[in-house]
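Two complexes come next, and they have one chain in common, chain A, joined by chain B in the first and chain C in the second.
Entry: the complex of A and B
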């Protein structure tokens, strides 16, 4: 039973991070039809800012957190305005190539600015110690952060579903021309989408950095979230949260019962099985061809 | 010499096409009339659109009065849809476009929609997995009058507003004859019904000008008959100015107050439906007229078509 509980909550912790990352990628995808392969670097930037701050002068945590999130949001906006907007009307992969380029540029910039560090992020005020649940010993800090990421992902998905701003973001992502004819400032919505997507990645990076080392390998977490996105549905905001949670929990069980060497093969195996039954993802939009 | 009278055809002033109840419900939809009708609703001057080396429109002039139904006709590639896209600023253009006295040719597309121009499309951009009602409501974003804070702190206002918008959408679905389809997924509709949903979507924000891009294309005879009734009702009720692009001459003849014929991006001629559709010049240029038409057209002096600002309410007779 304790292994079950550890798998569930450990997987939930990872799932919360995947959910935030996946939400950001889906938001950016709906805005520009582009998979952002620099999303891992978007995670890493605020984590580096916070980690470097704490390793250096120290001081209130909120300062580097706010600074890091503003920086990464601005980066997302600038990248959209200067690069991605100009790929509209071109072949789809042009935007994807552009994100690869951004990823390479950011990797180089991080190396120059931070070197090859191994930071860790300490969030003061988080409960320390161990919580015993059904015989399993769980980290109180991890439980808190899991709850935080899941609640945040749920709130963002809920806001996108029910609030006027969220409705406009979804409308613009659905059909830009139709949205503009409904009076929606599509350009502003896309800018906001990229800013929010980058910020979500930044939060995911900071949270991930509290339980794991902050180094260049963090970008792999974003790549690991891609199965979550495809399982949930590439164009589904709710699917991003569901897919992230599903993949995270699945990986928790795989790591506990089978071992970490099976993580990749079984995660992508799960993806293939879901694709067989739901080619559009669990909550993605089914394509209907009218004949 | 033949005299061509350039007159707008006046709307039928007989019995109203809609009953009092529907008229009252339409009042709720078209609830933002213009304060003044001293200027034309839409004025287009020297509209030119170029795609690289290709000139799609060249110095096009069109006027639409507040309660007119102006039809743009012409062969494929004449620039009809391009005209609508230019008005909506979905493509770049030069020239001047004035809407209710305000210049709009430098505004973003969403601002033009927010200013009171509703647009339907040749291929209705409906969201198949949404219901018909939800698709109509897609046109109502600009009428949203609540924000996130209202949703948190004042839910009754939000509920009232949502109910009001749903009533508007249902009124329009009733008007176009699709009220019983409101709960169906748009993906299950026939093409003709999708067209009508798209028109309802274009109207839900209560626009002052409707741009309808080939509303009758793909419709069968019964559906065209319904569309004709809808257009005539809108014209009779004087709710909104309408600018359509259409290929069906019968529909144009029976609904339009004014017709503009385009060919190769230029205005070939403009006038009342009878003047344009029955003219030899039009028949020869557009549909390939009879030998008698060709002979008559050859005898006509080669002069530019009359500009639309000559067609005032009293009309003007022009000698050829």
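Entry: the complex of A and C
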């Protein structure tokens, strides 16, 4: 029973991070049709900023958090304005290849700026200690962070579904011409989508860095969110949250019952199977063929 | 047109490329600097993978980040083959065949949906391959944290001698590959792949067997990449999981894109440029700014530069370096004809 609870909550913690990451990738994908392979680097940037700040001078936490999130949002916006805007009309996979280029640039820049460090992020005010639930010992900090990520992911997904701004974002993603006819500033919506997507990645990075470590392997977390996106449905915002949580919990069970060495192979095996037999996912539309 | 120019035209352009590579190889072999030879050999090896990826990504329009996975398949198959007692050239064949099978399996999702799904499938394939390779490395006999050690080819020639032999061997292999690749890309199969890339639905109506051609592209390209992986293992003498990274796969995408999509010449140029960058960058920076702590940061700067080049070429010249050269030539011809006309008018 305690192993069940541990895998459920441990997986839920991971699932919250995946949900935020997947939400960002899907948001950017719906805006410009670009699947962002540099999302892991987007996670890493604010995490490095916060980690380096705490390892160095110290001071109130909100300064590097805000700084990091603004930096990564600006990066997303600049990338959209300077690069993605100009890939319109090219072969449809050029934007995706551009994100590979961006990932290489950021990896190189991290290596020069930070080396290969290990930072830990300590958020003051988080409850310390252990909560015992049905015989399982759970970290109070991880539980709080899980709740935070899930609530944030739920709020963003809800806002995208119900608020006027969210409806504009979804409309512009579905049919740019029709949306602009309806008076929506499509370009502004795309800029906003990329900024929000990057900021979500940044939050996910800081949260993941708080419950784990900040190092380059964080990029793998973004890659592990890809199965979550495909399972939820490539173009579905709610699907991203559902898929993220599902994959996270599945990984929790794999890690507890089979062993962590099977995580990658089973997760990505799942991705292959989903693409082969169930390419539209749980909540996605059937006809997504663009890159 | 003069007779000499007609004669030049009649020789296939790939011959000139091979001749140029041969001159380069002869120069570096004669120079006998072990470091330059090593860089040359690494570049020639990279050409194999870049040409193979160009076939898949440039000609057939199927984005793949599977290069390091297929290289790993090839390298570990070669290790297994050598340990099972297969003599030297046969292990390369085994590596190519295994990688081809792996490529077809991983390519299956791209038969249903295109583009992104192959990129994601190759990503999944990468992690699955790395899992089994890690398992084999930790459990297999002779493995360990450093990986497997296999006999280096031409070891008895000494280090420089071995590298010289390697340069000629690789030159022959790359030449054969270039001839084969230009044939594939220039004939019926090339036209079919381009039609699938640009208008898949039209390709169906033109009675192009889309599924068969996609499978063929996966199989040929991953076989070549597997072959390259096995060959690289014979050059370095060791095979370890750690050397096959996603960054390496992205570097191959950069080669194809910087050189020019759907161009064999472009893949060669891109492979040389991206592979030589980590060596060139520290030399360049030291020359311009003076001594910095760049020696260790060469690979990091190289990563930034080729990443930026990818982005710059996508936004300003999607046909890569080859596209730039082509525009230059067209510009020159137009200029020459204008000049000729104005001279004729003046006369």
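Here, the second predicted complex is superposed on the first by the 276 of 291 C-alpha atoms of A that agree within 3 Å, B and C clash if a C-alpha of one lies under 4 Å from a C-alpha of the other, contacts with A are read in each partner's own complex, and residues count from 1 in each chain.
In this text, a residue touches a chain if its C-beta (ideal position, glycine included) is under 8 Å from a C-beta of that chain, and two chains touch if they have at least 3 such contacts.
Quick caveat, the model's predicted, so the values are computed rather than measured.
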Three-chain arrangement built on chain A, chain B and chain C clash or fit: fit
For chain A as apex, the angle formed with chain B and chain C - C-alpha centres, to the nearest 10 degrees: 90
Chain B versus chain C as contact partner of A:183, first or second or both or neither: first
Chain B versus chain C as contact partner of A:18, first or second or both or neither: neither
Which of chain B and chain C A:208 touches, first, second, both or neither: neither
Superposition-derived comparison: chain B or chain C, residues of chain A touched: C
Overlay on shared chain A, then closest C-alpha pair between chain B and chain C (Å): 17
Contact residues common to both interfaces of chain A (with chain B and with chain C): 288, 290
Chain A-facing residues of chain B, complex: 88, 90, 108-111, 113-114, 118-119, 121, 125, 127-129, 138-144, 146-148, 151, 187, 202, 205
Touch list for chain A against partner chain C, complex: 35, 37, 82-83, 86-87, 90-94, 96-98, 100-109, 111-112, 223, 226-227, 230, 234, 261, 264-265, 267-269, 271-272, 275-276, 279, 288-291
Parts of chain C lying in touch with chain A, wherever the complex brings them together: 61, 63, 65, 106, 108-109, 112-117, 119-121, 123-128, 130-132, 197, 246-247, 250-251, 253-254, 257, 261, 297, 299-311, 314-316, 318
Interfacial residue positions of chain A with respect to chain B in the complex: 159, 162-165, 167-168, 171, 174-175, 177-187, 285-286, 288, 290
